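Common to both upcoming complexes is chain A, partnered first by chain B, then by chain C.
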Partner chain A sequence: MDDVKSQLRLDENEAYEETEDTGYHPKAFNEFERWFKRQTTIHGRRDLKDLLFKMLLSVVVIIVCMPFFMVLIQVGTVGMGVLLGSGPGQGLDFFLSTPGPGLQGGVLNAIAGTAYLVGIAMLVGVPLSLFGAIYITEYTRPGFMRSSVEFAADVLAGIPSIVFGAFGFTFLVIYLRIGMGMLAGGLTLAFMMIPTVLRTTQEALRQVPMSLREASLALGATKWTTTWKITIRAAFPGIITGVLLAMGRVMGETAPLIFTSGNNLGLPTSVTGPGSWVASMPYTVWSYISDPRNYVNDKAQATALTLMGMVLLIDLIANFISRKVTRRLV
Partner chain B sequence: MDRTNCNDKSPDEAVRRPNRLRDRIHSLKNSIRCFIHEARTARGGARVDFLGRLGLFIPAVVSIGIIILVLTFLWYESTPILTSPEGGPGIIFETTWDPNRDMYGIAVFIAGSFMCTFLAIGIAVPLGIGAAIFLSEFCPHTLQSVIRTIVEMMAAIPSIVYGLWAYVVLVPFIKYEFAPAVQSNPLTAWMPWFGGSSNGLGLLAGGVILAIMLLPTVVAVSDDALRSVPKSYREASLALGATTSETARSVVLSAAIPGIGAAVILSLGRAVGETMAVLMVTGNSLQIAYSLFDPVYVMTSIITNQLGYAYTFDLWRSALFAVALVLMLMSILFTGAAKLIVKWGMKTRGME
Partner chain C sequence: MAKGTTIEVKNLNTWFGRKHILKDISCYFEDNCVTGVMGPSGCGKSTWLRTINRLNDTVGSFRMTGEIFIEGKDIYAPTADVYSLRRRVGMVFQRPNPFPMSIKDNITFGPKLHGINDGDELDEIVETTLKKAALWDEVKDNLEQPGTTLSGGQQQRLCIARALSVDPPVLLMDEPVSSLDPLSASKIEDLIVELKKDYTIILVTHNVQQAFRVSDRAAFLYLGELVEFDKTAKIAEAPSDPRTEAFITGRIG
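Up next, the complex of A and B:
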């Protein structure tokens, strides 16, 4: 026991000498080793329990993280097989050709469709919810009305995506007679985006210190100048993060699109009417995986891999912005 | 017309809140008058200010209008079934779903959703809270950010990808490995929840994939709650001689209980509303499951599967919207409960 203790103390003293010993003990590893020793030094029953509890929890963490890698490996191996292959609709062809006869081609229709749908959703949903949130946070007084609007937005954000699909189908497609297609699909996605973006924008604006606004107003700026030049600029990283996260979420949604955007094995030819039906990546994954043909199933996984890559990329960018840019600005 | 008291209110009006109807009407009138006055006289910076406010006001009204529209539309669409003799509010407790014979009992789906959800919560909550405790209390810094990134990425993966994985990996595993192993082992074969034949699609697959999808939410929100516990609490406990795990269990965890409760409720809401992954692996059969291998039909699946056929039949469609209404009521319930728990926690824990 004493041995370990003295070893521990020695390690701590060695920190100075370690600097000469270049490269052999990387700092992170040395720190980890010391941390590990501190964790495993046992003095009695309570320490043993302590250690066992920690070991249990580390096993739990491994279990929690495992599904991520299992999904990644499964989708990645099959998907990469298609993306790197050289058959029909494989390799670069996978991104650049439409399915064609027997679904042997690529999934250009799905990628383009997702781009159209997300584009429409962003075009409609983001300005509405962003400016709406700015008005609600900056221009209205807190009170019953405001908190009930916030509660309604929270409730709507918690409603399942298929309910939005049912709403979009019944209200937009049937009652308003827009018809299925990219307009109805994009609007449904926009409706899904509104509550989330509204709430995250509000949250970002609330984080801006009051003193910034007061300073600007005290210098004689109008409310508009203050809001536009000071408040929004300070809250910008938070707002962008919220928008990107909502975009990533909307990109992977299947259920709202089943009844609103239709499906299409080619590219859409018009904005309204039957020519505007579009495929989307999640919908393609769904319909391809229930196909009995093997190569179609593989394409489903490759599409899933592409979709996952895009969503994770957006997520990483959002993360990067919220971490790096926030620190610089505030 | 030169009313200059538009910006600064008269002192008694500022102090006294407009309680009575007459006061309210008066203040509304006054604000409209001010609005017109401003629109006519504002110049330069003031005009930009005015137009900017107007430009923000319209999106605010539209987005609030859309939110209210969606919520009331569900109510409006489900009224036919709730008022007709075939349906009525009693459909929540009836178990026969047969639109061809005008029987619209939605209890099967509610039961299916709840079984799936509770199985998922039972798996995800202990694991998630354990991982969150490890992450915020014991984890070395270098590992911390890695695990946090992984958890965030897990939350970002679309549900269809999880569904795909479950359909391709989990379902065959349950069908060919798990079910035969459990049912042939004399230690577990007698258990009623392992009974019945399995084709892989069923309650267990749905519950497990839901649990996997809930984990990131539970971990992230509980981790936030644990991290917001003041450092002084931990230091006090450690100074009294408690080990780090004792501190974590009895001090930090109990201080963070409200946040963790909110995490559980939020994930409950997400679990009930999950659509695609569950649709793909639960088997979708109109029965109440008695064993883990039995197929179930959840609320979101019935809407997905039947809305396409139902839209020409008013009652049928309305019954589906009644299911959606139940989902909305649950969302209201969960959101409200989470808010109440957080508020209660802030009051009793004395934090901020």
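Up next, the complex of A and C:
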């Protein structure tokens, strides 16, 4: 016990001496050096263990972060080259032109296609999930029905996206005879979105304090008015955040689209039927990256970079909304 | 301007599921005075209050027998309209719960529900109710600010103003100051005394001193039974039931 104490005192003294010893180095470096010394000074077996453990953890952290940086560097450098270049299908042209002969042009078809597909998915998926969540949370009592819907949604949210693709193909394309194209693709994405949006909306509604609803009822409002004017209003930021996150997720999905949306080197001309085949950004990344031509591979990276940027932007907006409003409500 | 009305409770029994909460309560609330309802935690004070504006109806397991008359009309009669009842019985909750909207919208929400849409009239209501709630001077320049940005005490006064916005003759208050600092609490106590000129007020509290300070008549509820209901001064001086005495001297509760 005494030993440890004297040891501690010693450490303090050392630290003190070190702080005295400034002036030789630039400040930041000096601080780093002190920090590093503190981390690596070994006073006994415990410190050694500590140091080894710290090193192990640092290595793990580096390994964990590496893929992220590698992806960023690879996609970033190659993609940026295309986005900033000035050749055909580079620079602004990359966003504004369709691939054209030899896939030399831009990827407007993919960007517009993703916008159409996600647009349809939101148009169909968001209202369904919202009404579903509102009904379940506000108008049913806890019980078998509520828990089975929640269970089903949780299971669906965890199902691999290729399964949704297969379902979209067999059910929408073949069984309902919608055919491949924009509608089938969009609806498949909607199916993917519904469980997530339903659950996040439910969670947002549940966060609304009961006494807020009661205050409205106590003023003579109907249940309906209370739900629409008070509860949903209070839950709105959470709902929007959930919708945006789900939107960001389905934007990057290839698997649900492979069998349902088809592909298109131009822009679709209709919502159903043969003219409705439509490209999408993830699908384009996939097909461009497996192309033998180098400049097409580069365009795949640029598309991926654009997609990442878009998803990042959406996530940032979602994050901003949820943080800003949590502050306001608490 | 509303004037308070009387409330008569006859043989009221309530249950949540199979739990018998209120046991055969009969009493008469005078108009234009403050009735304090005291009792230990969990004895059914809130439940009692919430039968008077039928807020318990929203709880699935709630069941009741007996009658409650406001101005002689049975509020649980099959033909009674729960929405107009709640308009006539305002409620203030334990924790300030302003709606997530501007101060002004918080006040106009109620009147708009009941068909008042004229801008000038709404402005007038905003001003008079905020003045009644002693909040006007503090917020008159920031009416568009979110109600949730006010301090706790201000929020509670906003909630009182909101309850007054539909001009109810009866005001139910469920421990309205228990979550506030002493200064805000005493402000609101003063406000309650001021308001009783125009309203019938039922104030739930488990703070005996507060009940004595504010109320004209007091009820003591113990394990769902109405043990005592009398003039506050009488109860403070000489409670007729030993349980009441034990409670006000701090031995139970």
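FYI, the second predicted complex is superposed on the first by the 264 of 330 C-alpha atoms of A that agree within 3 Å, B and C clash if a C-alpha of one lies under 4 Å from a C-alpha of the other, contacts with A are read in each partner's own complex, and residues count from 1 in each chain.
Keep in mind that, in the parts below, a residue touches a chain if its C-beta (ideal position, glycine included) is under 8 Å from a C-beta of that chain, and two chains touch if they have at least 3 such contacts.
Predicted model, so just to flag it, every value in this text is computed and none were measured.
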> Looking at the overlay, does A:R141 come into contact with chain B only (first), chain C only (second), both, or neither?
Replying inline: second
> Is A:G248 contacted by the first partner chain B, the second partner chain C, both or neither?
Replying inline: first
> Residues of chain A touched: more by chain B or chain C?
Replying inline: B
>> After the superposition on A, what does A:P282 contact: first (chain B), second (chain C), both or neither?
In response: first
> Taking the superposition as given, does A:A110 touch the first partner, chain B, the second, chain C, both, or neither?
Replying inline: neither
>> Contact-wise, after the overlay, does A:S216 reach chain B, chain C, both or neither (first, second, both, neither)?
In response: second
> First (chain B), second (chain C), both or neither: which does A:I230 touch?
Replying inline: second
>> Need the overlap of the two footprints on chain A, from chain B and from chain C, as residue ranges.
In response: 222, 225
> Which chain A residues qualify as touching chain B in the complex?
Replying inline: 28, 31-32, 35, 39, 46-47, 49-50, 53-54, 56-58, 60-61, 63-65, 67-68, 70-71, 74-75, 127-136, 138-139, 149, 151-156, 158-167, 169-171, 174, 191, 194-195, 198, 222-225, 227-228, 245, 248-249, 251-255, 258-259, 282, 285-286, 289, 297, 300-301, 304, 307-308, 311-312, 314-315, 319
> In the complex formed with chain C, which residues of chain A make contact?
Replying inline: 141, 209, 211-212, 214-222, 225, 229-230, 233-234, 328-329
> Which chain B residues qualify as touching chain A in the complex?
Replying inline: 45-46, 48-49, 52-53, 55-64, 66-71, 73-74, 77, 127-128, 130-131, 133-135, 138-140, 142, 147, 149-154, 156-165, 167-169, 212, 215, 219, 243-246, 248-249, 269-270, 272-276, 280, 300, 303-304, 307-308, 311, 317, 320-321, 324, 327-328, 331-332, 334-336, 339
>> With touch defined as at the start, can you tell me which chain C residues reach chain A in the complex?
In response: 53, 55, 58, 60, 83-87, 89-91, 93-95, 97, 99-101, 109-110, 113-114, 146, 148-149, 159, 162-163, 165-166
